[in-house]
Amino acid sequence: MAKHKPISSDIAWSTTDKITVKGLDLCQDILGKVSLGDMAFLELTDRLPTPQESRAFNAIAVALVEHGLTPSAIVARMTLAGAPEAMQAAVGAGLCGLGSVFVGSMENAARLLQQALPDKNQSIDIGALAVQIVDRELAAGRNIPGIGHHIHKPIDPRTPALFAVARETGFSGQYVQLMNALAEEAGRRLGKSLPVNATGAIAAIASELEVPWDVVRGIGVMARAIGLVAHVLEEFRNPLARQAKAMIEGQATAHHLA
Amino acid sequence: MAKHKPISSDIAWSTTDKITVKGLDLCQDILGKVSLGDMAFLELTDRLPTPQESRAFNAIAVALVEHGLTPSAIVARMTLAGAPEAMQAAVGAGLCGLGSVFVGSMENAARLLQQALPDKNQSIDIGALAVQIVDRELAAGRNIPGIGHHIHKPIDPRTPALFAVARETGFSGQYVQLMNALAEEAGRRLGKSLPVNATGAIAAIASELEVPWDVVRGIGVMARAIGLVAHVLEEFRNPLARQAKAMIEGQATAHHLA
Amino acid sequence: MAKHKPISSDIAWSTTDKITVKGLDLCQDILGKVSLGDMAFLELTDRLPTPQESRAFNAIAVALVEHGLTPSAIVARMTLAGAPEAMQAAVGAGLCGLGSVFVGSMENAARLLQQALPDKNQSIDIGALAVQIVDRELAAGRNIPGIGHHIHKPIDPRTPALFAVARETGFSGQYVQLMNALAEEAGRRLGKSLPVNATGAIAAIASELEVPWDVVRGIGVMARAIGLVAHVLEEFRNPLARQAKAMIEGQATAHHLA
Amino acid sequence: MAKHKPISSDIAWSTTDKITVKGLDLCQDILGKVSLGDMAFLELTDRLPTPQESRAFNAIAVALVEHGLTPSAIVARMTLAGAPEAMQAAVGAGLCGLGSVFVGSMENAARLLQQALPDKNQSIDIGALAVQIVDRELAAGRNIPGIGHHIHKPIDPRTPALFAVARETGFSGQYVQLMNALAEEAGRRLGKSLPVNATGAIAAIASELEVPWDVVRGIGVMARAIGLVAHVLEEFRNPLARQAKAMIEGQATAHHLA
C-alpha cells in the first residue's frame, strides 16, 4: 500500500479541555456570543460577519428555510410515515432532492453573475453587460436563471424585501444592479414581464457578500434542513403522507382500470 | 377509492402576492428582521423567541453545529468523493447517522428530565428526585444520559459555558438543577467523576425553553446540517476521503493477507 | 490516541490478481455461475443455496421488488425531479422510508415466529402455541403481524403463490403452519377473516430458510432497491412527480384559502 | 390551480385479487418462476430475458454486488453505528455516493460505446473507429473510461471471466470488440498497458444486451444495494466503524497538535 498524504481538517479539533472551531475557541468566543446564522456564516467563509453582513446573510438564509409543501417536504414526510423511528433520515431524504432543478437555479444565477463580474468593484457598464449576457444565453438556447415565477405575479414579493435589506446594509452593489438589468433585458427581448425572483435576489446578495457561487447551494441545503425538521414534526402531529399517497396511487390505479 | 381527510399543513402557504409562514407574513414580518436561529425557533415552536429565549436557544443550537471529523462528517465527505455533483445528497447521507447513538443521548436526557418533572415550576426536592431516578435507572441496568465524556476530562468545557448563558438569560431553573444533581448522584454511586456533558447541558436548557423532548433531536439535525455543509465544502478544496478509505481498506486487507 | 482493535471484514478482499468474496474466488466460482438472487443469498448467509433454497429464496425476494406507487417509490421519483443528475440518491432517499411501518411488519412477523419456535424441527403442538401467542399479543394490546390486508380481499393473492413454492421446495414446515395457525386463531378471536398476507408468508418462508429475523429486513431493502431503480427510470421517461406535488400543494392551499 | 396531466405509471397496479407488474400477473407468471436477477431485467427492460440474456445479465449484475470496503460500504457502516435502528437508511446513505466518480466510469464507457455505434449490427471497421475515438478524447483532454486499474495488474481478473460469459452466451459482438480496441489503442498512444477493466467489460456487455447507457448506472445501484446490506449485517456482528472513525480523527488531531 502506498503512503498517502496525512489526513487533516482545518474546521475543528479538540483537546481534553478545549474545542477549536475555525480557529476560534468554541467555549470562550462562540457559545452565547454568536447566533446560529452567524455560525453558519463562519462555517462557510472562515470568519465571523460584520453586523451588516450578518443582517444580509441571515435574510437570504431565512428566505430559504420554508416553502410549504415542496417536493422535499413531501419526501421527508412520506419517509417519516414509513420510518417514524428515524426522523434524521426523513430530513436526509428530503435534502437529496435539492439538486440542479430547485436549488440549481440559484447556483446558476450566482455563477452567471460572478463569472460575468469577477471583481465586484470593477467599473463597468452594467446595462451593456446585461445585453451581452442575454444575447449569449438566448443564442445558446438557455434560460436566464433567477427571473420570473409561475405563482408570484406580477412580482415575487420576496425580491423587494430582500433588496431593501441589501440597500440598508450596503450590499446593493453591481451584482444587484446586474441581476435587475438581466431581468429587464430578458423581459424586453422575450416580450413579457420577467422580474427578478427570490432565487435571483438571493444569488445577487450572496455574490455581494463574496460567497463563491459553488458555496451558494450550501446555504440552501442548510436552510432547508431547518424547514424540513418543521415538516417532520408537523407530520408526527398532523400527518398527511398517507392521504397524499392514497390520492396519488388512487389516481394512477384509476387510470389503468378505466 | 375511499374518501380521505383533506391534505393540509399549517406551516406555510402562498398566494400570488403573499407568503405566510407560521402565521406571519414572510416579507413584512420576517425577512431582514428575524435571524436564522430565531427562524429555527419559530419553525420548532410556532412563535418567535423573546431576546432571552433567543440567546439561550441560539447557544444550544450553535453548540451542536460542529464536532470535527465525526462519523457523519466522514460519511458526508466519502459520499461527496463518489458523487461530487450532488453535495445535497452528501449532507443528506451524513444526517442519516444522527440516530439513537449520537443524537439519541441528548433526546434521552431531555426525556428523562421532562418525564421526571412535567411542570418545570412545581416545587419539588430536586436532590431527592435525583436519588430516586438514579436508583431506578441503575437498577434497570441503564446509563444516566448526558453525563461523563471520553475525551473531555475532568469536565466538558461546553457545560460551564452553556450553563453561564442559561444563568444570564434566566433559564437556569429546576431542569438545570436536576441535571446537575443526577450527575453528582450517579458519580457518587459509581465512584467516579461524571460531570454533566454538552449533551446533558443542552437537554436541560432545551427543557427550560419548553422544547418537547421529541423535538430536541430536531435541533441537532438542523444544526449538524450546517456543519456538514462546511465539511462538504472543505472536502472539495482539501479532500481527505480517499486517503481515509485507503487507510481503512489497507488495514483490512493487511489483516487478511497476514 | 488509544490503540484499537484492527479493522477487518470477512466479506471481500483483493490482491492484484484475485478477488475473494465470502471465501469464494469471484472470477472462478461466481461470475457466470451464480445468479443475482443466489449472490444475495450468499451475501446474507455466507454460503450458496441449494436448488430448493434458491427457488424459495428468489420467490420471496422477487415478491418484495415491486409494489407500484408506494411512498418509497413516490419519494424516489420526487427526489429525482429535483436532482435528475443523481439517480443513486433518489433510490437512496426512497430506501430511507423502509422502516418500522412498512418493512417492519415483515420483520416483526419473522421475530414472533422465530422467538416462539427457536428450533424449527422441535416437536410441538402448533395449534396450542398459536392460541398462547394470540392470547399474549392481544392482552398486550398488540396486533398480530403478517395477517389481513386493506386492499387484497378476501385473500392476498401472493400468499397461496408463495406457499405453493414453499411446498414444492420442502420449506412448508412448522413456521408456515404456525403462521397459518396464528391467522386463523386471530381471525376467530377478532371475529373477522384475517388470512396470512404476503408479509406473513415471506416471514414464514424466510424463517424456514433459517434467515435470522433481524436479517429479514435486509431482503426487503435489497429487493426494493431494484424496484426503485425501475421507478426512477420511468420518472425520466414518463414523469409524475410534478403533477403529484401540484395536486398535494393545491389541495393544501385550497384548505387555507377556503 | 391549473388542471394537470393525470398521474399514471405502467410499472405495477393492483386490484383486490390481482397484482400486475410490467404487464405480467405477479402471482401466476412471476413468483416461483422468475429469479431475482431476471426480475431486475424485467424491471429495467420491460420483458423477461432469454436464457442467454439471463446468464449474461446476471453475470454483470453479480460483478457489481461486492467490492469490499469501498467508500459506500464505509458510509453504510458508519451510518449504522449512529443509527442502528434504521438499517435501511444506512443502505440508502451508502447508495448516495454511487455517482459520477465510481459508477460514472461505467456509465461513461457505455455512453461512449453506444454513441459511437448506435446500431450494434451495422458493419463497421472497429479498429478505425477506435483510433478516431481515442484521437478525439485525448485531444479533448478526457480519459478513455473502462480501461486500466490501480490495483489489478497486469489485468483486471474480472474482465476475462465476464468476456468468457459474453462469448458463451452470444454477446461478444461489436461493443466488446470496440471496448478491446479502445483499450489497445489508448495503451499504444499513452505508452503503457491499459487493458479493459471490469467497468469497461460490464459497459460493453450491457450494450450488447441493448441496455441504454443511461440505465446502466441503475444496474450498479441495485447490485450495490445487495452488497451494502451484507456490510450492514456484518457491522452489527463485527463492527469496524468506531475504530475507523477513531483512526481518522486521531490522525487529523495529531496533525493539528504536532
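What to note about this one:
Going in written order, the chains are labelled A, B, C and D, and every chain counts its residues from 1.
Going forward, a residue touches a chain if its C-beta (ideal position, glycine included) is under 8 Å from a C-beta of that chain, and two chains touch if they have at least 3 such contacts.
Protein names from UniProt, one per chain: A, B, C, D = Citryl-CoA lyase.
Predicted model, so just to flag it, every value in this text is computed and none were measured.
Across the assembly, the mean Cα position most removed from that of chain C (Citryl-CoA lyase) is the one of A. Chain C (Citryl-CoA lyase) and chain D (Citryl-CoA lyase) have Cα centroids separated by 23 Å. If you average the Cα atoms of chain B (Citryl-CoA lyase) and of chain C (Citryl-CoA lyase), the two centres end up 33 Å apart.
Within chain C (Citryl-CoA lyase), the positions touching two or more other chains are listed as 6-9, 13-14, 68-69, 83, 85-86, 88-89, 92-94, 96-99, 103, 240, 244, 247-248, 251-253.
With chains as nodes and touching pairs as edges, the resulting graph is complete, every pair of chains being joined. Touching chain C (Citryl-CoA lyase) in their complex are the following residues of chain D (Citryl-CoA lyase): 1-2, 4-14, 16-19, 21, 26-28, 30-32, 34-37, 39-40, 43-44, 54-55, 58-59, 61-63, 65-69, 86-89, 91-99, 103, 151-153, 157-158, 160-162, 164-165, 168, 214-215, 217-218, 221-223, 225-227, 229-234, 236, 238, 240, 242-244, 246-247, 250, 253-254. The residues of chain B (Citryl-CoA lyase) lying in touch with chain C (Citryl-CoA lyase) in their complex are 6-9, 13-15, 20, 83, 85-86, 88-89, 92-93, 96, 248, 251-253, 255-257. In the complex of the two chains, the chain A (Citryl-CoA lyase) residues touching chain C (Citryl-CoA lyase) come out as 68-72, 74-75, 78-86, 89-90, 92-94, 96-103, 240-241, 244-245, 247-249, 251-253.
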